[in-house]
Each structure stands twice: as structure tokens, then as C-alpha cells.
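Each of the next two complexes has chain A plus one more chain, namely chain B in the first and chain C in the second.
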Partner chain A sequence: MILDVRDLRVGYGKITAVAQASIEVAEGEIVSLIGPNGAGKSTLLKAIAGLLPAQAGTISFDGEPISNRPAAEVMRRGIALVLEGRSTLKHMTVHENLVLGGYTRTDHKAIAADIERMLARFPILRQRLKQRAGTLSGGEQQMLVIARALISRPRLLMLDEPSLGLAPLIVADIFKIVHELNSEEKMTILLVEQNANQALRLAHRAYVIENGEIVLQGPDLANDARVREAYLGI
Partner chain B sequence: MLDPYIESILIFSGINVILALSLYLPVSAGLLSLGQGGFMAIGAYVSGYMTSVLGWPFAVALIAGGVSAGIVGLLVGLPSLRIKGVYLIIMTMGFGEIVRVFFLNFEPTGAASGMGGIPTETTLPIVVGVTVLVLLMCFQIRGSRIGRALEAVREDELAAEVIGINLTRIKVAIFGLGAAVAGIGGGLFAHYATFIDPGQFGFQRSAEIFIMVVLGGMGNFLGATVGALVVTILPEVLRVGDMQEWRMTFFGVLLVIIMIVRPMGLIGVRR
Partner chain C sequence: MLLLQQIINGVMLGSSYSLIAIGYTLVFGVLHLIHLAHGEVFMVGAFVALQVVLLMGGGVGVAIPAAAVASAVLGVLIYLAAVKPIMARKGHFLAPMISTIGVGLVLQELATRMFGGEQVGFPVQMESHVWHLGGLTITSVQVVILAVSLGLMLALHLFVTLTRVGMAMRATAESMVISHTLGIRSDRIIILTFAIASALAGVAGVLVGMSFNSISPYMGVDMGIKGLAAMLLGGLGNVYGAMIGGLVIGIVEVISVGYLSSSYRDAFAFFVIIAVLLFRPRGIFGSTAHVEG
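So, the complex of A and B:
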């Protein structure tokens, strides 16, 4: 297991957002985490990334404990988090955003090559290279943050609601990109989504989280009666 | 020979540019400070004591003053830079007052009666030289990896953190660097004024430095530079004819007008 989260508890003050959650991600997998608003999905990702403290339980990456390590260190170990809501640096140019993606790396030539690869993969970003990131459309900004995260050369890419607030056509694009990253580049991906239908179709395995607890898990949740009723509306 | 009056204005312009840049540095990471006067005081007293009492060479004393202020900046910054915005401003104000009251009661440097007998070492070429060095440093930082990281921190801390920027480290470092620059400005001031007392480094001084940066524009170091020049030179230009007594009032009105017309500062990008 590249990521192993055991009995994790995370809270804000006295409020517990995630209670005793255990999830695993194996190398090369896409794992989806679905659940309603406020179930603790984003909280779980933020705790893994080191942005929120774990109150109990353990998080290990590559067999080494990373719980309660600073976010910058977790990131250097190879976990990239794409935050919810398109966290581009809006006053900086597209190019500056991409260069910052390589902040933790020191191999400048390879960073330049990676930026070039990203521009080939996302041609729209090449056209916008000198523009401020804030002037891009929602979908373009989402591509930019994914590209920025990839330039750090992560071994685990965590995406927090990448489809949120995007037009259906763009959503399809984003999911296609996620699929290609995994199938072509063997990227390990942990995906948090409200769009359960797409997220389950894309994933090798999935977890359902409700009220901070993992209530269901498995490779074929799309055919589970409870999931079909509650999340797929079938 | 340069007219002594003009020379003094130029020297104060240079010192004020250095002080404005000392605030611009933390501002570039989104950290506002109303306590730069406190760091200036540390630089002034430490370097002044070294030359006047210990007889050290000016250059060594100046650097020691800057380093002392920088170390205090790191010590103050480490526990306190988790707070932001208005709260950080109030914290730095409190710090500035602590420093002022400390020197007000500290007998070895003259306490309330101040410290005199500091040799006149600050000349125009030295001020110009130091100002150019500080400007060059700001220019270098701006185009560097650290400069981009500072800009990212200022814009969106959470996004900066997921990029892998260590927020605490970069904030404390830039705050300390700004404090060191303020300390050097204080050292230059002490060796030009030759007499210093705690009142010269109080809240009013910190506020003046703050005004320079806001007036010039917080977006880049040229803004701070222009702001410092305007705040230093404008009141002197207004010393004409019968306006003498009203010049500071007039100066205040001009500041208000400038901020209404250009809220982003004289040299600033709209954000």
C-alpha cells in the first residue's frame, strides 16, 4: 500500500469531522471517496496532506508515518493535493503558477522539461501562458492546478472535487484527464467527488463516507443497492 | 560643496527609502508591521553604543546593529507570525512600544535623557551606497524562486502550502530580514543625528514608514522607494512663503488626495 490511513480522527475544536476512518490506496490505483456534503471528505484529504492535525490514528505513506508532519514535508515526500475550488494563484501568470509547481525540486532543467510536457498535454495553457491565472475560465484553471501539482512529480495525486462548478462538457474533460493520467502514466490517484456516478465509473475501488465514518467500501460500489439508491438515484 | 540643507534632505531621503524597504520586505509576503520603529531603535542604539562607548569602527557597528535587529525580528516573528492582518498589526505596534519603553528605562544608553556623543559617520555617499545595496537585494529577491514563493504566500496561503512552501519558515525569514534592514536604517540615522532618544523611534516613526509604503504602493519595491521620497521631500518643498505653519496640514491633505486618486499607491498595480 502506498497510502495507509488507520483509524484517523480529525476535528475542528470540539467538532469531530472524521472519526475512525481507515482507507488504503495501492500503487497505480484510482480510489474514489464519495459522500454527501459535510461528510468529511475534504477534511480527510487535508489531514493526509498535513494541512490539518490528526487527533488520533496513523497515516503512512510508503510505509513511513507522516501524520502530523508539516504540509511542506508531506509534499516533498511525494503527495500532491489539488484543493477544492481551483486554487490557482490568480494574480500570477500561468507560467509563474507552473514554475511554482516545481518549488520543491532543484533540478531546474528537468522542471523546464516537465512544464513543456504539461503544455503539450494541456495545449490551452500554452495559449494562456503569459495571462494571469485569474483570467482563465474555470475549466482552464482546474487544468492549471492539476498541471501545477503534476510538476512536483508526485507519487500520489489527491484531487478534491475537481468537477465542482464546471460545465458538464468540461467535467467530462477533467475526468478523461484523470483517467489518462492513471492509465497512461500510472499515476496513483485518490479522488474525492460528489459526482458519484463518474467517480465510481473511473475508480478501481471506492469508499463511501458519511458523518465522518467510512460506511461502505469495495471495487464495485456502483452495483451496491444502497449506493444506487442514495448516490446514483437509480 | 553641496548646500548642507539639501544634503540633509538627501541623507534623510536615503534613510527613509531603506526604512520603507524594510517594511516592503515583510509586506511582500502579506505581513503588515507597525513596529518597524522598534527595529530601527535597536539598530540605532546598538550601533551608537558600539561607536560612542566601545569605540568600534562604524562599519562593524552598523552591521552589528542590523544583525541585532534581525535576530530580535526572528525571535518576535517565530511565535507571532501565525496571526494575520489587523491582529499582526496590533502585535507589531505592541512590540514597537515595548522597545521604546525598554530604552526609556535602560540606564546604560541614557534612558529617558537619550544617548549623545555618537560620532558623525553617516555621509551622503555612504547612505547612497547602502540604499543601492538594499534596492539591489530587493530586485534580486523579486525575480528569484523565493520571490515567487513570497508572492504566492501573500496571495493565497493555502495554495502556497500545497505547493510545498513552508509558511512559517519563509514568513519568519522575511520578517527577520526586514527587521535587519530597519536596524541598518536606524544605525545610519543615529550616526547622522548624533543624539538619539526613545521618542524618535515611537509609534509615529512606525506609522510614517507605514505611510511611505502604502502611499507608494505595496505591490513592488519601487513603490516603497517612491513613497519614501515623496514623504521626505514633499514637506520640504511645501516650506515656501507664508505656508510655513500650514505645510503639514497641506501635506496631510495631499496624502488624502493621492490615496483617493490612486488607492493602489503611486507605483502600484491594481489588485
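So, the complex of A and C:
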């Protein structure tokens, strides 16, 4: 397992947002985490990324414990988190955002080549290169933050609701990109989504989180009666 | 012609305000802190330059680097000793600012003990050329002051736009959380920010000492307030706003002294602060959106 989260508890002051959560991600997998609003999905990702302290339990990455390490250090070990919302640096240009994607790397030529690859993959970003990221549309900003995360060459990419608030066509684009990253480049992905239908179709395995607890898991949740009723509306 | 001369004098004076205002705004950008010992960092820079020149001789070329280094070290120490531990306790949001007021008073007191409370002459002289262009008078001191301060502002601009560390500084000011997800170590960036902000203030200390030919342990108070006014005018956290804000305050100060009376010169900065807070709470130059974000 590249990521192994055991009995994790995370909270805000006296509020417990995630309780006793255990999830695993193996190299090369897409794992989806679905659940209603406020279930604790973002909290879980932020704790893995080191942005929130773990109150109990363990998180290991590549067999090494990473719980309660500073977020910048966790990121340097190869975990990239794309935050919920449009987490571009809005006052900085598209190009500067991409350059900062390579902040922890020192192989400058290879970074430039990676930026070039991203611009080939997301041609719209090339047209916007000198614009402030805040002037981009929601879909363009989402492409930008995904590209920025990829430039760090992560070993695990965590995406927090990448489709939120985007037009259906753009949503389809985003899911296609997630699929290609995994199938063509073997990227390991932990995907948080409210769009359960798409997220389950894309994933090798999935977890359902409710009220901070993992209530279901498995490779074929799309055919689970409870999931079909609660999340797929079938 | 008189007006043009006043504008030139005002730009010269204001460029030092700009250097101080940039420091306030850089620190505010990353920590949302009004660093109220920043004026004293400026004062200490001037006194260290004075001592170094008295001991070793030399001119501007010695005084400026000495002041920059001493102030940078002092600024970082202030952060580590009086700001960071207090922020870590997550008490009242005003506590770190109040701590910097205390540091400022201590520094004033120390400087008074060591150098006396009087103004002292500033020995960094240079061969003084005076050029007459039409009706305008420009001195070599003015040229040096302008060249140094504008040169530093240009260098800062290039640093924050062209280098990765400079970009990381802007990223930290915009969002510490996003910066962390990019692997940026904000603790180091904050220290660097204090070092740069304070070094600029130290250099301003030398430039002001040269132009008024004297320095005093209390010079940081007036200058601090003018720097604050310049930052407010430019918009909190906006580096380019601080540059322009300083120049505007310098020019208007010189003109108001020319047409009104020199006894109002220091009141003027307060007037600007009040007017900005009343009419343009976000500063005259653009948004402070990244401060809110």
C-alpha cells in the first residue's frame, strides 16, 4: 500500500469531523471517496496532506509514518493535494502558478519540459499564460491546479471535488483527464467527489464516508443496494 | 519651476518613505501584522551605519551594506523573539502587534542609553556636487538617494517576479494553505520576508541620515508613521502601492511645507492616514483582495 490510513481521528476544537477512518490506496489505483456534504471528506484529505493534525490513528506513506508532519514536508515526499474550490494563486499569472508547481524540484530543464507538456495537454492554458489566474473561468482554473499539481511529479495525487460547480461538458473533460492520468501514466489517485456516479465508474475501489465514519467500501459499490439508493438515486 | 523643484525634493524624501512602507506591506502580506517596531529597525540601521563608518571610515558604500545587514538581523530577531512565539499561542489577534510596540520602545530606550537622546550628526558625507539645470538645483546626495532607493525597488520587483523564492513569497502572502500544498516552507519565507523588509528600512535609515545630516533615537517614530501612511495609501499588502504611496506622501509633504508652514509637516502624514481610512479604506491603489483571501 502506498497510502495507509488507520483509525484516523481529526477534528476542529471540540468537533470531531473524522472518527476512526481507515483507508488504503495501492500504487496505480484510482480510489474514490464519496459521501454527502459535511461528511468529512475534505477534512480527511487535509489531514493526510498534513494541513490538519491527526488527533488519533496513523497515516503512512510508502511504509513511513507521516502523521503530524508539516504539510510542506508531506508534499515533498510525493503527495500532492488539489484543494477544494479553485485553489489557484489568483493574483499570480498562469505561468507563475505552473512554475510554483515545480517549487520543490531542482531539475530546472525537466521542469520547463513538464510545463511544456502540461501546456500541450491543456492548450487553453497556453493562451492564458500571462494572465492572472483569477481571470480564468472555473474550468480553466481547475485545469490549472491539476496541471500545477502534476508538475510536482507526485506519487499520489489527491483531488478534492474537482468537478464542483463546473458545466457538464467541463466535468466530462476533468473525469477524462483523471482517467487518462491513471491509465496512461499510472498515476495513483485518491479522488473525493459528490458526483458519485462518475466517481464510482472511474475508480478501482471506493469508500463511502458518512458523519466522519467510513460506512462502506469495496470494488463494486455502484452495484451495492444502499449506495444505489442513497447516492445514485436508482 | 518652483513646483518642479519641490516635486524633485519630494520624490527624494518620499523614496525613503517608500522603502519603509514596502517593509510594512511585505510583513503585512505574509503575517497580517502591522509591525510597529519597523520604524525602530530603520533607526537602528542608521545608528549602526554611523558607528561602522566612525570605526572603519568609508562612505555610502560601507554605510549602506552595514545598515542593511544589521537591520535584517534585527528584524529577524524581532520576528523570532517577539512575534512568532506570541502568534503560536493563538491569543488575541492584536497581541503580536502590541508585542512589536513593546519592542519598538525597548529599542528606542537602548539607543538613547547608548547614543544619548540628542540628534547626532551623520558623518556619511560625499563630495557634494551641485548641478543647476535651468532654475533647478540637484545635488549629488539627491542623486545617490534616488538611485539607491529606486534601484532597490527595481531589484525587489525583479526578485518577486523572476525568482522562484520571490514567487513563493507572493504565494505565501496570498494563501499560506495553498503554499503549503506546493511544498513552500512558510516559516522560512516569513524569515526571509522580515530580513528583506528590515534591510530596506536600514538602507532608508542611511539615506534619511544623509539627507537631513543628522539622526536621533526617536527618528523611527515619525518615519514609521509616514511609512505606515504610505502603506495605507498604497493598499495593505500591495508592494507597488507602497512604492507610489511613499512618493506621493513625500511630494505632498514638501509642497505643503512650501505653501503652508513647516510646522504642519508631520501632521500631514496623520491627515493622510485619516483621509484614507475615511474615504478609501482599501488604499488608493487597487485592491487588497489577497489580504482578504
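Following the convention adopted for this analysis, the second predicted complex is superposed on the first by the 234 of 234 C-alpha atoms of A that agree within 3 Å, B and C clash if a C-alpha of one lies under 4 Å from a C-alpha of the other, contacts with A are read in each partner's own complex, and residues count from 1 in each chain.
Following the convention adopted for this analysis, a contact is a pair of C-beta atoms (placed from the backbone, for glycine too) under 8 Å apart; a residue touches a chain by one contact, two chains touch by 3 or more.
In this text the structure is predicted, and so the values were computed from the model without any measurement.
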Legend entry - Fit-or-clash call for chain B and chain C when the two complexes are aligned on chain A: clash
Inset, instruction - Return first, second, both or neither, reflecting whether A:Q142 touches chain B, chain C, both chains, or no partner chain. - result: neither
Inset, instruction - Considering only touches as defined above, state whether A:S67 meets chain B (first), chain C (second), both or neither. - result: neither
Legend entry - chain B versus chain C as contact partner of A:G101, first or second or both or neither: both
Inset, instruction - For A:A49, decide between first (touching chain B), second (touching chain C), both and neither. - result: both
Inset, instruction - Based on the superposed arrangement, let me know which partner A:S163 touches: chain B (first), chain C (second), both, or neither? - result: neither
Inset, instruction - Check the residue A:T16 against both partner chains and state whether it touches chain B (first), chain C (second), both, or neither. - result: neither
Inset, instruction - Pick one for A:M75: touches chain B only (first), chain C only (second), both, or neither. - result: both
Inset, instruction - Determine where on chain A the residues touched by chain B overlap those touched by chain C, and list them. - result: 49, 51, 70-72, 75-76, 80-83, 87, 89-92, 96, 99-101, 103-104, 148-149, 152
Inset, instruction - Going by the contact rule at the top, pick out the chain A residues touching chain B in the complex. - result: 49, 51, 70-72, 75-76, 80-83, 87-92, 96, 99-101, 103-104, 148-149, 152
Legend entry - Residues of chain A defined as touching chain C within the complex: 49-51, 70-72, 75-76, 80-83, 87, 89-92, 96, 99-101, 103-104, 148-149, 152
Legend entry - Residues of chain C that touch chain A when the two form their complex: 164, 167-168, 170-171, 174-175, 177-178, 180-186, 289-290, 293
Inset, instruction - Over in the complex, which chain B residues touch chain A? Could you list them? - result: 145, 148-149, 151-152, 155-156, 158-167, 271
